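Presented below are the structures under discussion, each in the form of structure tokens.
After this come two complexes, each holding chain A, first together with chain B and then together with chain C.
The block that comes next holds the complex of A and B.
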């Protein structure tokens, strides 16, 4: 029984050793001193996709890689880069995929912007008979 | 005409169903390729990861001959799986440099003692800074770099035995 418990404990402990023993990057979870810069960095982090857990933003994710990306974002903004410069720096390396704010003028991502408008018009067209005057045929 | 229009919602639903079903049956592959392939190695300079091997900077990757840059970590299981293949490539005369991702000198030394050390130089990237510069999204990854320091290929994931001939060919072509 004792051995079983010991085994059980080891199993619980394993995930903590699974990734890395290092402390996170300096600004992964530390705010910038300047509140305006911190706000700009935060807004950008909400719009950058985590490379590891791909449905989360780096602001949401606990993956070490996301922490490293947050630190990069804060360090670059503290060094005077604008959020858009940081975003393009990442897009240059990972493609539009990495940003949750896809460009309108791109061969792949324009439907994301146009489709909702088209659907809205389609819905209006479908519902057109129900607007306006009462119908005569009833 | 209206009689046929009646079927439109059903057709639309069919399309929607097909889209969702495909997504469930064949989950999309989430590998993010680096856009740095075809571009020169970004400038970087990393400290030595272990005492026995020198540090790594981007200047060390412009060798006049093709080289490999392997990104690995002692905490990464597939890195163990690819260790024999890296040793094989090294025995074939390939220069392999490495970036150790988020790692400590002791752990790296243990890892290399256990699984072999095919690396000429190892830089320590404790905050993934250079990994992000490279457009790399995980470990292990291997970049084929030509003699002028241009990235010609990115291998994502561990190098399996069947990948070795391909890597050797890429190195040969990059000459």
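The block that comes next holds the complex of A and C.
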């Protein structure tokens, strides 16, 4: 609960901090010169949630905070960090809420990644019974 | 007086629905013929009164009657006519009233025109419909009265959300609601058939037009919604795997599966229990689509708590509907025989594969949408499930489904020879392989999923026409054309999706008037910024001249709109469509040095996504016309034969 409160505080505080911070998000709407880095940044931005919006990625949002986060992502990628490093840094700050890609190795999100396999087996099992019976008939 | 009359009409309609349910339930139990005769007219009367109530609400909106709370909250006197009209259903109460109105009209339609069902099944169907409608009436009358007055009467209303002031979105919700209601009607048929234990080809044929109709509306609704999000939100995305989108996608997936299994039931009298199950699932999904979005729970567990009374009501209704449907199914499924059998390699086999794949995809979308809510409710931890998960989990399955779609129509019913199938489908397979090879060789930066998707789309685009191969085209039934067009539409949409995700080029610049911007083969010249004004907004408009290669010059004007009534800003993207793609230009904010944020995208073949959707709906429409015409002819022939005897 404490952690949650801290997160909430950070969540509320971050945009205010951004507003007062003097250089306002230089890379919010400016692309990186290196097309490969820009593509990597862009792919990552598509997978990060805009924390102030309703179900939008930071790549698709007009909110000022999304602009700040885009700028952060681009700057960090330009500084040589890998997208996964940037993502984990953001998850550390804002929690799993910020990433649209639920991690596989996490206590709460692994069932999501098991689900496709389980459902597929369930479907195959259903189908098997169906056709098995058919053969018995003949 | 208008508002009061509307409320009275609504109460009367609710009372008639109760009577309709009671007549059906008691009549079936006691086997009373006179009850059966009465239920038809009661159903029609219910439809009349609920329609009257809805029309009166529209009238209130058109008159901008500011003594009615709903009008105040969602309309303003200075607003284009069409948005006063669409404002009627652009809110919670109005949309619920629209829902129950469509349901009432559908009931009246069935009562007047349905002739092929057994009488008892029809009565049970109408009773089930009344039961569903009663929940909506209770919800409207107890916790969301659309006709509530407001005192003191304010000078003007608060206006409709500017994002909704768009012709596309004005008709998007009703389209989806028609779809949801159609699925509820299909479900009522299933309940009727389960109660009278009359699950067979006749029931499937009576239910099929409703499933088809619902599916057409859902397809159109989702396509329109996707295009709306694409051009109105101003970032060029066309599908976000947003919970609200998923809430519309899930009924569509279920309806698609149901549509295919009901065909097996109608043609071969097989898959009886499975079809009933799908009808139950499709209805449940449409309820979830209607209610979860309305309850606000999808946004967050906390948004739900803002209005707990309404939210709890919604959850209780959902529990009663879905729980009741599942319980009835569980009670009756034991007595339903599965029907005719078939082998693995057969038309039915392919349709079963279709159903299972669609069900798994549906299950995954369901889990991905609701799991974060579950986790938040239990542990308090917030997590997001979005595009990376959904694409990876459902993408490969969707591709398998598309492959099955190509093969299925080429298979014979009941039993077929695998080698013969391979023979028939060899050309599309070769085309797919060649496309895969060429794409892998000549393109860069395509993801595996997009690569496979595009190659498959090309092959399936060809294969979808194979059912017409070597056939007399004039004697081919209309519904076969419908299937061909719908399947082709899927291939077209898939190609559009793969191209958009792989070949989009993006350019973000801060430009001064006079600057040039180059994207792909486009040259854009930023000429000027001008202020413009509309009926209820003001805007800054960029004058941009765009040229593709050395082609003609096009004037495009992206806008940044301000709606004073709602204190909201929207960006109106400027779109320029060519046969091979769309140019997408957005004007952002200006800075102190006179530069403007301009975002430009070149999206090759992106329009194919929605053309595909329209083709799918068109195919469904042709199939429905074909089926209805055929069953009408058959009935006339039967009546004629009976008359001679």
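To be clear about the criterion, the second predicted complex is superposed on the first by the 104 of 138 C-alpha atoms of A that agree within 3 Å, B and C clash if a C-alpha of one lies under 4 Å from a C-alpha of the other, contacts with A are read in each partner's own complex, and residues count from 1 in each chain.
Going forward, a residue touches a chain if its C-beta (ideal position, glycine included) is under 8 Å from a C-beta of that chain, and two chains touch if they have at least 3 such contacts.
Computed from a predicted model, the values in this text were never measured in an experiment.
In the overlay, answer first, second, both or neither for which of chain B and chain C A:108 touches.
Second partner only, chain C.
Tell me which partner A:57 touches in the superposition: chain B (first), chain C (second), both or neither.
Only chain C is touched by A:57; chain B is not.
Which partner does A:26 reach: the first (chain B), the second (chain C), both, or neither?
A:26 sits against chain B, while chain C stays out of touch.
With the two complexes superposed on chain A, say which partner A:93 touches: chain B (first), chain C (second), both, or neither.
first
Tell me which partner A:120 touches in the superposition: chain B (first), chain C (second), both or neither.
Second partner only.
May I ask you to decide whether A:69 touches chain B, chain C, both, or neither, giving the answer as first, second, both or neither?
In the superposition, A:69 touches chain B alone.
Identify the residues of chain A that lie in both the chain B contact region and the chain C contact region.
54, 95, 97-98
Can you name the residues of chain C that touch chain A in the complex?
233-237, 240, 242-244, 299, 341-344, 349, 352-353, 356-357, 359-360, 363-364, 367-368, 371, 375, 379-389, 393, 397, 445, 506-508, 510, 569, 571, 588, 597, 599
Under the definition above, what is the set of chain A residues touching chain B in their complex?
17-22, 25-26, 51-52, 54, 64-65, 68-69, 71-72, 90-95, 97-98
Could you list, by residue number, the parts of chain B that touch chain A in their complex?
30, 32-36, 73, 75, 102-104, 107, 126-129, 131-135, 137-138
What residues on chain A touch chain C, complex-wise?
Answer in residue numbers: 1, 4, 29-31, 39, 42, 46-47, 49, 54-57, 59-62, 95-102, 108-109, 111-113, 115-116, 119-120, 122-124, 126-127, 130-131, 133-135, 137.
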